[in-house]
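Once you scroll down, you'll see the structures, which are given as structure tokens.
Common to both upcoming complexes is subunit A, partnered first by subunit B, then by subunit C.
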Partner chain A sequence: MLIYILRRLNVFVITLFLLSVVAFLLQRQVITDFVNTGNIFSDYQRYILAMLSGNFGTSLASGNPVLSDILAIFPATLELCVMAFIVSILVGIPCGVFAGLSRGGTVDYGIMTVTLMGVSVPAFWFAMLLMMFFSLHLGWFPVSGRIGLLYDIPVITGFNLIDTLLSTKPYKYEAFFDSLLHLALPTLVLATIPTTEVIRQVRASISEEMDKNYIKAAQAKGLNTFQIIKRHGLRNALPPVIPSLGLQFGRVLTTAMITETVFSWPGIGPWMVNSIYLEDHSAIQGGMLFIAAFVLLANMATDLLHLMIDPLKRNELYGKS
Partner chain B sequence: MANHNVFREEHIRSPLAHSWFLYQQNTIGMVALWALIFVLILTVIGPWIAPYPMDHKDVSALLKAPSWVEHGEVHFFLGTDDLGRDLLSQIIYGAQLTFGGAFLTVALSLLLGSAIGIIGGMSSGMQASILHHFLDTLLSIPSLLLAIIIISVLGPGYFNTLLAVFLALLPLFTRAVYRAVHDELNKEYIIALRLDGATPLRILRYGILPNIVETFVSQTTRALTSAILDITALGFLGLGAQRPLPEWGTMLSDTMELVFLAPWTVTLPGMAILVTILIINIVGEGLRQAILKGMD
Partner chain C sequence: MAILDIRNLTIEINTSQGRVKAVERVNLTLTEGEIQGLVGESGSGKSLVAKAILGIKKDGWVVRADRMRLGDIDLLTLTPSERRRLMANDIAMIFQEPSSHLDPTQEIAEQIEEAIPSNTFEGGFWQRFQWRKKRAITLLHKVGIKDPISVLRSYPHELSEGVCQKIMIAMAIAKKPRLLIADEPTTAMESTTQIQILKLLHKLNKVNNTSILFISHDIESVSNLSDTLTVMYCGQTVESGTRDQVINHPRHPYTNALLQAVPDFESNLKHKSHLYALPGSIPPLQHLPIGCRLGPRCPNAQKTCVQKPHSTRLKGHMFNCHFPLSIEDEASS
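Here is the complex of A and B:
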């Protein structure tokens, strides 16, 4: 296990290195007043040393260090992504199981049709439709922002749901529900992508497991379908799904950037787009490196999680399969 | 019908012809295929059949509702937007920008990407290893983010969007083809071919390519949908095509403030995107299933 972690870390570091080279070359290309000594290697050395000490440069637009700007807004994006993943797991697993059990049947057909729609719908348009219907027509949810302007919640963690509960204000529960209401529509939009992926994977995985002999043995013992799924089916069907969920993280993060633009969510999406408009290159580059590193880190974390949960995969690594 | 087959022997189709036969049994798939052909034709001859020129603005018909609603007029079949532009014409012109653009970029990156993938897959050792790691790096960045990064260097614009999407799609094709070729190369029938003295080119032509058609189909489907989604998303964010170009995503981005007044300006262009991606997905998935079945 330790050896695998070290190997995985090694790949992570090499990938980050390649990424930094690409970012460096782009910066050299774009920024004309970049202090070029003419020697590309010594320039890169200076660049990477600055990066390693956490100095991503200063944003031309806000005048703050880029890293502190990013750290101030990134929790908003992360909150959205985490909520989307929670929803996708809560909805995706049961739907996937139902579809997998009735493969070829009506339920399966219905779920897969909805899934196909979910894959095909452009996120920003879906967001606009939801906003038109639920916010403007029915008035159930707020149109934009993270929390009502009436509530003044001090920033502690940057996650609104946690901050509202931690605060000592008398209206903290109202504020909590208000931020939940603000979260609802963006989360729904963002959850479509990982949910469809979870449904597809769980469906394939369940319908494959259900044909195996141990399931027949369980049926012969007299367990009902629910017990079989709970005790045997899911335990073997879920672990292979984990890595694909990790791979979804990148797509969710970029979709979050679009969703945020529609809902005026103060996250990294509008910030990046704005930086591009303003040609604020140090901000663009810092944001790009930060997001890419975060995606890589998430991929590595899910790989390790998969390894911890799934003993079959561990055996494979040690050549014992 | 009279049977003209004099001989008893059964005619056996080639696997691909058999796949096509299987696909024809799939009703929804065939409907989607015809719809796709319709969209393709519309893309090509759009400028000749659109009722109004691309930049035609009718000041006397601002924010007309679609013809089937009250106050709608039949000369503006899908209604007009806040500058009096006919939505139907705009969507027809947009097909060329969105669908046509996506189609071209995917075709180009399919050609170049699979060429690199095949070369990488057929070779081994250092060359393959470098390609492998480089692609892993690129693929760890989501395609839209990659496109945004490229746009941030090149600057916003329609052509730059296509270039960015093309560059973002390349690693996808290269990686998938590389993997498929590499996996196929280690199978026993290829070793048998090699023992028979086949040259690499012959192995590729008769051994590998017919067996990885499924990879091409599924990757092309994925690439087409992601290209359309990326082009429209960039247009929506204001980084892609700019007005007056009626790219579908761009059309949506300036209707944000019309959501209340004229909901059809929001629903109709989005509907065009949704339907296009839906039929591509249905055709792609149907073809993939048919090919997998035809191989057995």
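Here is the complex of A and C:
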């Protein structure tokens, strides 16, 4: 187990190293005021030492250190992504199970058709449609932003849902509800991609597991279908889906940038786009490294989670299968 | 009274080559408290019959029968959920390939405890807390597992096939069923434990009056244990009767061949002499011969064998053959 973690960490470090080399070379090409001694190795050494000490440079646009800018903005994006993943799990697992159990049936076709539509719809277009219908036409949800202008919530964690509850303001529950309303549409847009992925994976996984012999044995024990799915089906079908959720994280972050821009969500998406317009190279570079590191970390975390809850996967570590 | 009564059970399987009759018109009768052996080569449809009794179907199976009764319950009219409830109480099965019939991600302890029905609980309410665990340990002891505590804490992939098989047996006997279907229960075991398990099944039969349908490919081991025997070949019943009838006076050439194929080491077997075996091999399901399915391999086959033989009944001894063995000899003597 420990060796496996070390091995994963090793991959993590090497990937980060390669990324930093790319970022460094880009910077060397573009920025002329970078103290250029002519020796690429000593330059890289200074660069990586600065990075490791958390010094991502100073943003040309805001004048603040890049890292502090990112840390101030990133929780908004993370909040959106986490909500999207929660929704995709809550919707995706039941839909996947129903589709998998009625494979080839009407329910299956219905769910798979909707899933296919979800995969093929472009996020920005879907976002605008939702905005036009629910915000402008029906007026149920706010058009943009994270929270109404009326509420003044001090930043503690950066997550609005938590901050509103932690604050001591008299209107904290109204503020919480308001930020939930603001979250609804962006979450819906962002959740489509991971949800379709979860549905497809769970469907394939569960219909495969339900054909296995131990399900027959469970039937012979006299358990009913619900008990079999609960005690044996899901238990075996869900763990293999976890790592693919981690892989989805990168895609979700990319989509989040588009979604945030459409909904004027003050996250890392508009910030990055803005930095690109302003040719704020140190911000672009820092943001890139930060997002890449975060995606890698999320991947590693899901792999470890899979390892912890799936005994069969643990067994593979010892070279058995 | 017959606890299990099956008439003309036919199982058809949809394959890419079309629908094949994997089991054709099988009859099976088990009286209460009887051990019946079901013998046949692998691929002869023994396990299919067992699964049909339990009502476990895969997609593309068509199971039909004229009659299928368990005691006084008609299995054909039950809904799947009623059937499950019935199975939970009355029927238990020991499966072949035990390790694949255990949930790979669940510890053995949970799986055994799941198989212990709560109505077998005896004792005061204060004992209920630890009761299932204790019962699981006793069950594992019964089937001859030496360190039950560590086995209970293992996952199936950490155990050998033999141990998994013992666990399957423990789960099957946990609910004290009326009918136990044992599908090759001793294949993956060393011979000393095989005998232990056979003794255990025998004891279960005598003490709890459990009827056992003992499925095996080995006519010798089955014949020691069972009261009656049914021999199957290629999805058809070829012969059934009491042990004495089938073993000592086989009427069907296939039964005879099975018995001859058991090498008798007590008589002086000549050095390098040929062991007896039927020519050819069991045909694949897509190329089944018409009529008597043994036809192409049968030493006594004649032209009429392309018709399916009628079953003949002689003092409870049933056989399906146009030219049964030693009928004339006994009639003349």
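Everything below uses one rule, namely that the second predicted complex is superposed on the first by the 321 of 321 C-alpha atoms of A that agree within 3 Å, B and C clash if a C-alpha of one lies under 4 Å from a C-alpha of the other, contacts with A are read in each partner's own complex, and residues count from 1 in each chain.
In this section, a contact is a pair of C-beta atoms (placed from the backbone, for glycine too) under 8 Å apart; a residue touches a chain by one contact, two chains touch by 3 or more.
These numbers were taken from a predicted model, which means no experiment stands behind them.
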item	value
Simultaneous placement of subunit C and subunit B on subunit A, clash or fit	fit
When both partners are placed on the shared chain, which of subunit B and subunit C touches more of subunit A	B
Subunit B versus subunit C as contact partner of A:50, first or second or both or neither	neither
Partner chain(s) touched by A:117 [first = subunit B, second = subunit C, both, neither]	first
Touched partner set for A:297, first subunit B, second subunit C, both or neither	neither
First, second, both or neither for A:231, with subunit B first and subunit C second	second
Subunit B versus subunit C as contact partner of A:131, first or second or both or neither	first
Partner chain(s) touched by A:284 [first = subunit B, second = subunit C, both, neither]	first
Smallest separation in angstrom, by C-alpha atoms, between subunit B and subunit C in the superposition	11
Intersection of subunit A interface sets (partners subunit B, subunit C)	none
Residues of subunit A that touch subunit C when the two form their complex	211-214, 216-224, 231-232, 235-236, 239, 310-312, 315, 320
Touching residues on subunit B, where the partner in the complex is subunit A	133-134, 136-137, 140-142, 144-145, 148-149, 151-153, 156, 225, 229, 232-233, 236-239, 249, 252, 256, 259-260, 263, 266-267, 270, 273-274, 277-278, 281-282
Of subunit A, residues touching subunit B in the complex	11, 14-15, 18-19, 26, 29-30, 116-117, 119-125, 128-129, 131-132, 136, 250-251, 253-255, 257-258, 261-262, 272-273, 275-277, 281, 284, 288, 291-292, 295-296, 299
List of subunit C residues in touch with subunit A within their complex	51, 54, 56, 58, 81, 84-89, 91-93, 95, 97, 100-106, 114-115, 155, 157-158, 168, 171
